[in-house]
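Letters A, B, C and D mark the chains as written, and numbering starts fresh at 1 in each.
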Amino acid sequence: MFFASDNWAGAHPAINERLLRESTRFAAAYGTSELDRSIEQRFNEIFEREVAVFFVATGTAANSLALASIERPGGVVFAHSEAHVIEDECGAPDFFSGMRMIPVEGAEGKINPLNLKARMARYPQDAVHHGRAAAITLTQATEVGSIYSLDEIQVIADIAKGESLPLHMDGARFANALVGLDATPAEMTWKRGVDILSFGGTKNGCWCAEAIVFFDPDMARELPFIRKRTAQLFSKSRFIAAQFEAYLKDGLWLELAAHANAMADRMRQGLSASNSARMAWPTQSNEVFAIIPKGSAKAAGEKGAKFYDWLQPRDMQEAVSEDETLVRLVTSFATTPDDVDAFLDAIA
Amino acid sequence: MFFASDNWAGAHPAINERLLRESTRFAAAYGTSELDRSIEQRFNEIFEREVAVFFVATGTAANSLALASIERPGGVVFAHSEAHVIEDECGAPDFFSGMRMIPVEGAEGKINPLNLKARMARYPQDAVHHGRAAAITLTQATEVGSIYSLDEIQVIADIAKGESLPLHMDGARFANALVGLDATPAEMTWKRGVDILSFGGTKNGCWCAEAIVFFDPDMARELPFIRKRTAQLFSKSRFIAAQFEAYLKDGLWLELAAHANAMADRMRQGLSASNSARMAWPTQSNEVFAIIPKGSAKAAGEKGAKFYDWLQPRDMQEAVSEDETLVRLVTSFATTPDDVDAFLDAIA
Amino acid sequence: MFFASDNWAGAHPAINERLLRESTRFAAAYGTSELDRSIEQRFNEIFEREVAVFFVATGTAANSLALASIERPGGVVFAHSEAHVIEDECGAPDFFSGMRMIPVEGAEGKINPLNLKARMARYPQDAVHHGRAAAITLTQATEVGSIYSLDEIQVIADIAKGESLPLHMDGARFANALVGLDATPAEMTWKRGVDILSFGGTKNGCWCAEAIVFFDPDMARELPFIRKRTAQLFSKSRFIAAQFEAYLKDGLWLELAAHANAMADRMRQGLSASNSARMAWPTQSNEVFAIIPKGSAKAAGEKGAKFYDWLQPRDMQEAVSEDETLVRLVTSFATTPDDVDAFLDAIA
Amino acid sequence: MFFASDNWAGAHPAINERLLRESTRFAAAYGTSELDRSIEQRFNEIFEREVAVFFVATGTAANSLALASIERPGGVVFAHSEAHVIEDECGAPDFFSGMRMIPVEGAEGKINPLNLKARMARYPQDAVHHGRAAAITLTQATEVGSIYSLDEIQVIADIAKGESLPLHMDGARFANALVGLDATPAEMTWKRGVDILSFGGTKNGCWCAEAIVFFDPDMARELPFIRKRTAQLFSKSRFIAAQFEAYLKDGLWLELAAHANAMADRMRQGLSASNSARMAWPTQSNEVFAIIPKGSAKAAGEKGAKFYDWLQPRDMQEAVSEDETLVRLVTSFATTPDDVDAFLDAIA
């Protein structure tokens, strides 16, 4: 009953098998091996255009270096107030990009376009004292389990383009969103105006596979230097490449994400059918937020269930009573139906 | 015939086996799992004292964050002119620490104590304009295959202590040096005055296992924040821990380093016995620098041998003639006697 | 009719006279002259204790270097949402300190202690992912013309001390606040828990005189290096010292601030007595915020009056109708009663 | 007898007079006043083309922000080993630009073109590990009193252009060099390939007047934000403008520099005619380096002469005996013939 986070899971056998095979070979270091290059080609295919791809060690690094690559002095970056870059990265995006993150409110973890416009209006391009708009970043799937529709992405992208700003997508749970929308990688990104993507594999079956994808390779000119100077260039880079090869082969990544989402569906259905528990807000990916009696939470914990209490968002509609608690439940490629059922039993 | 670098090798079966086992479990993320903690304990045992250990993604990260942890505004760091922090890290140490690296000359890749003192004299503690001495870093084994003796380390450490400066050791090839000296980890570090160590496992059988070790845990107070802010905290950190567990178990790490060094010995002996080739300078670890006829180098390359030409150090004694070239040959845990012999044949 | 800002004024004759005298002498550079040192002594007297004083070029530099001196990796700094460090310094405090500024709401430009506590609760000392509280900064007088009472300062200071955080005061208009409260410099700072002060003279009769004052000189240990490394050490530093000497002599600074405040009083009274205009909120220093008919604003502008429209604060009580505008009127040492009366006439 | 540095002098009466006049007016802040703009126009005239000009607080700021404006991740900057950016700015250029300063040797304080090329060859544009060449900076007049001829500047510029690198000139003593060469400002800069200039007025009669001049205004696009974010935008910027106005009016700046150089000539002649003292190397600007008996130095000091001992350059030809010392003597606009003669007497 591990629902604390999808990064509590291990690695998928197919990933391991590929790593094992890689371990017996010699190959060029620092991202110059044939395998490294073949994966770059694989990303081209998946995104249906020539992209520039850079492996890094963590999702925080992917976000931070992506923003560093579009750094402008005195620039500010707009992100949802609950975005990982604001809440969970210890200021790394600010540190690497030299820019301030500006929180934008919005229901269900999504940037509200009107709020975004209102915030951006304070940061025109000549605002030497106040600071100027430099980028927008959105998270897909969001930190609270929702998914931007393709049209919702387009709306944000249009605002970005209207001000000639680049749009970054934090795709730590990219596959979960993709499966949730039943869209293609191209449709969910550059076809809707995304310029740079943090492409995460770690939460979905790899143990360390994060990449920055530039849909316009010209924008990536400085990235090789930025990455090396920030100590993110792996010497045995091909082991990241190997993970991505297995991950992207024969649609494994989509399969794993579909499984995680299905397990979340099972959880959502179980909670909805429950007498005592209910969902805090609708979610579409592999994260479920539930309001459960404190007693149930305690009981489940005693039976070994792992999950986190969650701070109530300001705009939450559903009331949480004194003897209830808001919890986050995250499923992954490794979650089994039995796990979900056991949890539902435990809180019943 | 892979002698380009020890980071061209893959990973040892025992490391893989341990990773495989880890992949089937769930466990807490971001370095908080029991496994993560047990490895910290393992480092305590190996170094015979309580240490603070932090996993990071790359050797460059280990060096850079180690220096960042002892950052002083306007500080400068003394390193051998051929040190990795000066030659091969794209300014990452400067970027993370905010300090300038000051090159110190010395024969065979080792800091010459007299040169060090002379350089340091220019950077007293009140040198607001010029900059002040803040740290010394030495590399063990060095970039050119030599090893500081315990006494040589002590001499550098005494200079550091005399000015109340911390001493950092870049141990990307720590095990190779340890085996070369037949010393204990404690003897080669804190017992001789080293304060912080970059402990590398990647070049010696792991595929990604780098750690920063503080011999005084008090000095590491800020490191958890420094590491997160610099995007170096792995979510599935326990996979680094797993590699270290296997690496440090039953002396595997020393065995692998001993093998690499033995392969280098074989190469050294072969070269010395050769008519056409000779060693450029004496080495003791898993790196050999040889002067070989250009024709031999070409022939070996055509037979599939991988190795790099090397820039001639300023203080090199041995002359390199017009039709010769200086090459670096690096052995690793994965090098076989046959590889070495094949290379010696190829250049013969 | 110059009410755009107090930094539109020139310099006071006494300051000029002192500068003139200084210009004919030779003296040691970079802050080491006898004059520089005598001013440090003068600050000791004014603050009734031994302090450490550092001249810098701008108020933004004073704030930024003050925060840089208490930098902690992953730290965050709490400031009022309208504070200069958040609104008007182009991210300089973030750039120099490496810390994120966290806005705290509060009426009349003052940090609301309950809001502060609530914000701080999200940033405990072990919050490696979210970031940790590192400092609080308050502005005295505030950006919107109000003044913290001594007790209000104490309340903020107690919150800071309760979490062992340093408290910084942005005193760009320190003298105006001091005169407004009829307090001593010591009472308004360290006696109430302020640790570091940005002491501004530029807005009050100097043309360039900003200093950072540390009430515990031990906290200033790194500042000489921080200042030089950030290019803020004047070679002819003694010309800053000369300004401060004249500024602080025989209470000139208090006299000038009292004059500026009195001119604001005259404006406040005139506005209150007016039929068409009214004050937007109560102010106590040399800034007045008024709601005036758009027609009046236009008329005044045409008659040569200089002032800025002001963005309506979220928590503003007074309503601004369609045909009205909110304006900021700042008086200074150089404002005359005739200026004020002319403005009141112009908008009548 | 003040020969310690030209920044020990005060300010010229014409500068003071202009400041005095400025102090009685109100005008727009932060560099937007008409005076600020008129000075920008004045620089256009002086340099015979449209330039972009930015005032900053210190020469260190001018150099550092100039380099920050051409920052490239992983870039390195080539400078003479005795350049101010390397020796005397506490790492500010590294801090602001994020680039490492690479020392290049050369006689008489000038970059030797062959050495420069050799150094640059190590930093090609694809050197992700080692770092890539990003800029060259030369100092005119140099730190040791010499002056690059126009052709010598051209040679360095050609090397820069050959690698598409920008060329920066540190002109802390620009006027002294200009007068020394009898060249026009255009001839000594952009006509010979200089892209960015640190234009110093402080050492030559102003008390605080430093500017960054871009000969291609397009290169200055980010500078307004860089300057504000680095706390270098004066609120009462027009007082810098006022100094420059007086400084540049009717050739005052050239007159003052000519005087300083003439005083240095008098010193050079006096030393050459002396029995005991001699010049350490030839100089052409307002700095003289002399070898004098230790007894003479002591005697002069006791009579009130101020000057600094100087560290012997590695490539110095002239021998300094045991009972001699190498001293630096700097003249300025405020030096009188009597001062020089008194000094020559004192050491006689």
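FYI, contacts are C-beta pairs under 8 Å (C-beta built on N, C-alpha and C of every residue); 3 or more make two chains touch, one makes a residue touch a chain.
Values in this document were obtained by computation on a predicted structure and should not be read as measured data.
A.B. asks: Between chain B and chain D, two touching copies, which fits better, same or different residues at the interface, with half of the numbers shared as the threshold?
C.D. replies: Mostly the same residues.
A.B. asks: By mean C-alpha coordinates, which chain is most distant from chain B?
C.D. replies: Ranked by distance of C-alpha centres from chain B, the top chain is C.
A.B. asks: Based only on mean CA positions, could you tell me how far chain C sits from chain D in angstrom?
C.D. replies: 34
A.B. asks: Return the distance between the CA-based centres of chain B and chain D, expressed in whole Å.
C.D. replies: 42
A.B. asks: Using Cα averages as centroids, what's the distance between chain B and chain C in whole Å?
C.D. replies: 51
A.B. asks: What positions in chain D touch 2 or more of the other chains?
C.D. replies: If we look for residues of chain D contacting two or more partner chains, we find 30, 73-74, 89-91, 95, 128-129, 225, 228-229, 233.
A.B. asks: Looking at the complex, which residues from chain B come into contact with chain C?
C.D. replies: 30, 68, 72-75, 128-129, 132, 222, 224-226, 228-229, 233
A.B. asks: Given the complex with chain D, which residues does chain C contribute to the contact?
C.D. replies: For chain C paired with chain D, touching residues are 2, 4-5, 7-13, 15-16, 19-20, 22-30, 56-61, 64-65, 89-92, 95-96, 202-203, 207-208, 225, 228-236, 239, 306, 334.
A.B. asks: What residues on chain A touch chain C, complex-wise?
C.D. replies: My answer: residues 73-74, 76, 87-91, 94-95, 98-101, 128-131.
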